[in-house]
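Input: structures, listed below.
Next, two complexes with chain A in common: one pairs it with chain B, the other with chain C.
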Partner chain A sequence: MAIRRGRGVAAVNYPTGMNLGGDPSQALVHSTPTGNFMVTLSSVDLGQGLKQIMAQICAETIGVPAELVTIDTGDTDTGPHCMGTFASRGTHRIGNAVIQAATEARQVMLEVAAEELEVNASDLETDGTGNIHVKGAPQKAISIFDTALAAHFKRGRSISGRGMFLVPRSYPEVETGAMKPATCYAHACTVVEVDVDDETGEVTVVSVKNVFEIGRALNPRMVEQQLVGGSWMGLSHALYETTEPYYPNREHGGTDFNQYLMPGPGDLAETEIIVLERPAADGPYGAKGPGEMCANPQIPAVANAIFDAVGVRIDHLPITPERILRALRAQAAPAGA
Partner chain B sequence: MIRLAKEYFADQRDDDLKQLGQAFHRSDVPGHVTGKTNYFADRSFPGMLHLKMVRSPHHHARIRSIDTSEAEKHPGVARVLTHKDVPHNVYTILILIQIGPEDEQVLAADKVRWKGEAVVAVLADSERAAQEAAAKVKVDYEVLPAVLDMEAALKPGAPIVNEYHGQNYYRYDSGACRKVRFGDVEKGFAEADHILEQTYRSSPIEQAPAETTGCIVVPEGNDRFTCYTNTQALFFSLDNTSIILQMPGHKLRFVGGTVGGGFGGKVDVTTEPIAILASKLTGRPVSFIYSREEEMQVSSPRAAETIVIKDGVMNDGRIVARYVKGYTDAGAYSRHSPYGAQKGAAHYPGPYTIENVWADTYCVYTNRTPSSAMRGFGVTIADFALEVQMDKLARLIGMDPLEFRFINAYRDGDMKAHRQPTEGAALIECMQEASKAANWPVAEKYLRMSSYKGG
Partner chain C sequence: MAKKVPVQVTLNGEERAEFVESGATLLNALRGRFGDTSPKGGCHQGTCGACSVIIDGELKLSCLTLAEACDGAEIVTTAGLATNSAMHPLQRAFAEGFAAQCGFCTPGMIMAAKALLDQKPDPTREDVIEALSGNICRCTGYEPIIQAVLAAAAASPHKAA
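On to the complex of A and B.
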């Protein structure tokens, strides 16, 4: 009886957005009189940070600091249609809608600035800190604050824009399954190390090294938060979770967080995240959706590591100590016994 | 803990962004961690009623009669609702994207098809009164034989789980399953040095959000209803509610957008229609919030799946044929499962270039808790099956599991089984970096490979 160490690998890809497309999202952008920007949506932030990332996307597009952008979301009386937050679609679909709306608003803003400066709008650029100036002549400038005031009170212009993004729906060909499920895919490769106690069947995950390719890391801190959380969820799926551990007997189903098995802080392995960025042609600044993918490769990597450690295959999730012990006993039993 | 490996794909990026690519702090986090963020349930309205659901104790039963008279007399009870009160009682949520038929009753009328199905809604001044009154509702059931697993469901002569479908599987336009046919798998198997067929299974998994599913509805003075909800999809929920209640969309206002975790568990439309109906019939605000037990045992989990993979592989490491049959246990009703099952068909054979592929994915009805969306559904369990299978194949031919994946990895321009050319591939580079980061050595030729066309 011993603790045995093993290592496993898995590599996966994952489509961004609703399978087969047909999932629209819209955005509206407008400026306040003093040059702050409002993004109006009906999209849902589940805790992943959608509001922050939409503020950064809008700010990048208009050419202002992100703190000048406020996200107003979650009211069907005011927010334009969004299909919802699911299928790794938020950043990709809504982000593209915000870019389109912000691009239109930026154009009006530059036109107003051009009138104020008596130049052509096409000769202007933003400095990213709140000013607009003539390309190559930074001294010929106007602040976005003054531009917005001029638009509202002098020029009678609305610095605003409408945005929408829709991947056209694909219908699978009936006999062959020819179809276009998605426009871009994220990728991952995970290596997991485990210790398996061959007396108790207990698995301790020693380390998880995840490499994710996500198009573009729009906010690396938030990317880390989502990918680490996903990696933990993958371990939880592999080793712990089910609502019906002895189905069809329902008596053992967890009804609260004491009974429903999930890893606690002490069960979470050292987790490493390495991010590669191959921009997607249709991604907002190249971004793809890794929100679901990041919880997937750990599951088979754990299963493969357990086999590497003790030589048994558990092909039924979750891989509980009970299943491992039963498999070890079957393996040890003499043939025909 | 995070490292951006900028050396990969540097030729495809201008790293010149100003507001993006920056590790700004999230503006909403101070509110979350100091308890100042407003969630839907952080509201209370004068005269608010609490809704509790009477649920089926049986997997499958005919309803002979429903007697609510004692419950109605219970102190504090304002109203008791049955199927007769629901204007359009039979619904399915994906009808909005033309995936029918309507196959589920908001409140069970003639039958219950899973243990936990909603039958009667009780509204009272307090949660306690609603709970006590719910216990006084008498439903007379005739228990029917239940179909508790997919194999039993698909056997000839199995009891029909859901009469709205007429058979125990979802009928796609392609027939009993979504099909992918590419190349000639039989020819591939005939040429293969080895054939390996294995079966993989999973059990249902709970989304386990911190905040349970629910909503609070307020009747406004202008004959409109405001629904504060933690749905993952506001207009999707609004439009489905409009159908179920036969109420024009302009009468409805849904407010949300700040949610304590979803993971797919909040894209079914289970609380809003009945709470709005209750608010309309009583003229009072209504709160319907799942208990933790309801969240874990009543709301839809990730489906149980069974996946059979048969591969033909050559001694040099090339996979020459892959045949997959995937089964998704939808439970008693469709919800999002027909979508999840066909997402699986699109995913096979995984991120590998295989010339001969056959995939069939089935959405199967049983008397199990309806499954629905959960993070990655259609793909997560498929990846478990595919990647364990890859490990077994590598060992079968005595090859390193990581090197085996390099040999089969897809690259730009490769034709996928669903007949789209591969674009923007990056699997090879992820594996190269993993090889280095995990100190898992592979032959130099694999480190020189590229996902680019001809690489």
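On to the complex of A and C.
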């Protein structure tokens, strides 16, 4: 009877978005009279940081500071259509829609500025801090604030834009079944080290080391936060969480947070996160969807590490001490017994 | 109709009085009567910590506390931590340390952390873990929260020299 150390590895190739009846999202952008920009969406921020990312994407595209952008996700009855924030699709689908809407709004903004400055719109550029000037002649400039005022009160223009991003439905080829369900994939690889007590079946995760390839990290701190939380959640799925421990038998399911187990602040494994950026050709500024995939590779990596430690393959989640002990007993039983 | 009882408390430094339903939990009274929605109801049975508040200097689960038993008490919630527009050091550390995602656990975490730092301005990592062990978080994996509490302690002017 001993504590046995094992190491396991697993990799994941994870599609961004989904392929049901087509996967669309829409966005509308307009400026206020004082040159703030509103982005109207039906997409919802439930903690993944969608509002911040969409503000950054809109700001980058129009050429204004992100603080000037307000994201309105108020009402799915009245906002432009969105399929939803799931399938790790938010940044990619909605971000692309925001880029399209912001590009159109930027064009109107430059046209109004051109009229004010009596130059060609194609000769103008933004400085990113709230001004528009003639390329190569920064003294010939107008602020976005004044441009918006002019659009509203002088020129009768609406500085606004419509955005739509659609990944059309992909049908499988009848002969081969081949299809293109996604346009880009995020990737991850995880190495987990565990200690398995072969007397009690208890597993301690010693370390979890993850490499994530996520296209481009539009907000590196928020990406890191998502990946750290996701890595923990993957371990939690692997070893703890279930509402039906004897599925399909529903007995002994947890009924509250006392019985529904998750690792707490005292059970944290040493965690490492490395981010690789390989921009997606069709991603907004290269981004893919890191959301869900970051909690996936830990699960097979834990199962592989347990196999490495004590030689039993567990193919039911979560991998509880009971399952490990039963497998160890079956392994020790003489063949045919 | 359930009987209403008067409850007078000092809530975040302010004298407040409301009629609450007899038997109402402090959590429901704070959110529904006193208009302070910073304590969150995650489980309403004492297992998640999201409803944590400080009553007369002690960390309590407001979902397991009867509102009428708090008559005369001094209650501090996360909504009362900022002074004017300046965030409390814990709030700043949580924001700067990216220690909140959905934010549902955050007020409870911050109250648990405040109760710790009030007692022990210079805690060890183990002290922080112990103090947060009654609070559940779905999103962060806890490490950023632990780091934020340690950062707030390090930044605190009350820190033992």
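The rule we apply is simple: the second predicted complex is superposed on the first by the 320 of 337 C-alpha atoms of A that agree within 3 Å, B and C clash if a C-alpha of one lies under 4 Å from a C-alpha of the other, contacts with A are read in each partner's own complex, and residues count from 1 in each chain.
The working rule: contacts are C-beta pairs under 8 Å (C-beta built on N, C-alpha and C of every residue); 3 or more make two chains touch, one makes a residue touch a chain.
None of the values given here were measured: they were computed from a predicted structure.
Touched residues of chain A, counted separately for chain B and chain C, are more numerous for B. Contacts of A:Leu46 after superposition: both chain B and chain C are touched.
When the two structures are aligned on the shared chain, A:Leu268 is found in touch with chain C, with no touch to chain B.
Look at A:Ile3: by the touch rule set out above, it reaches neither chain B nor chain C.
By the touch criterion defined above, A:Val223 lies against chain B but remains apart from chain C after alignment on the C-alpha atoms of chain A. By the touch criterion stated above, A:Ala137 is placed in contact with neither chain B nor chain C. After overlaying the two complexes on the shared chain, residue contacts for A:Asn258 are found with chain C alone; chain B is out of touch.
Within the superposed three-chain model, A:Ala330 lies out of touch with both chain B and chain C [touch as defined at top].
In the superposed pair of complexes, A:Met233 makes contact with chain B and with chain C alike. Note: residues 46-47, 49, 221-222, 224, 228, 233, 256-257, 262, 271 of chain A belong to the chain B contact set and to the chain C contact set alike, using the contact criterion stated above. Listing the residues of chain A that touch chain B in their complex gives 7-15, 19-20, 22, 41-47, 49, 51-52, 55-57, 59-60, 63-67, 73-77, 79, 81-86, 128, 169, 172, 174-182, 184-185, 187-191, 209, 211-213, 216-224, 227-228, 233, 237, 241-245, 247-248, 250, 253-257, 260, 262, 271-281, 285-286, 291-293, 295-297, 299-301, 303-304, 307, 313, 315-318. Looking at the complex, you find that chain B touches chain A at residues 1-6, 8-9, 12-13, 17-28, 32, 59, 97, 115, 148-149, 173-174, 178-182, 198-206, 208, 231-236, 238, 252-264, 266-267, 292-293, 296-297, 301, 304, 339, 342-343, 345-347, 350-351, 359, 368-369, 373, 375-376, 378-381, 383-388, 390-392, 401-402, 405, 409, 417-420, 423-427, 429-431, 433-434, 437-438, 440, 451.
On chain A, the positions that touch chain C within their shared complex are 46-49, 221-222, 224-226, 228-233, 256-258, 262, 264-266, 268, 271. Chain C contributes residues 42-43, 45, 47-48, 98, 101-104, 128-130, 132-133, 136, 138-146 to its touches with chain A in the complex.
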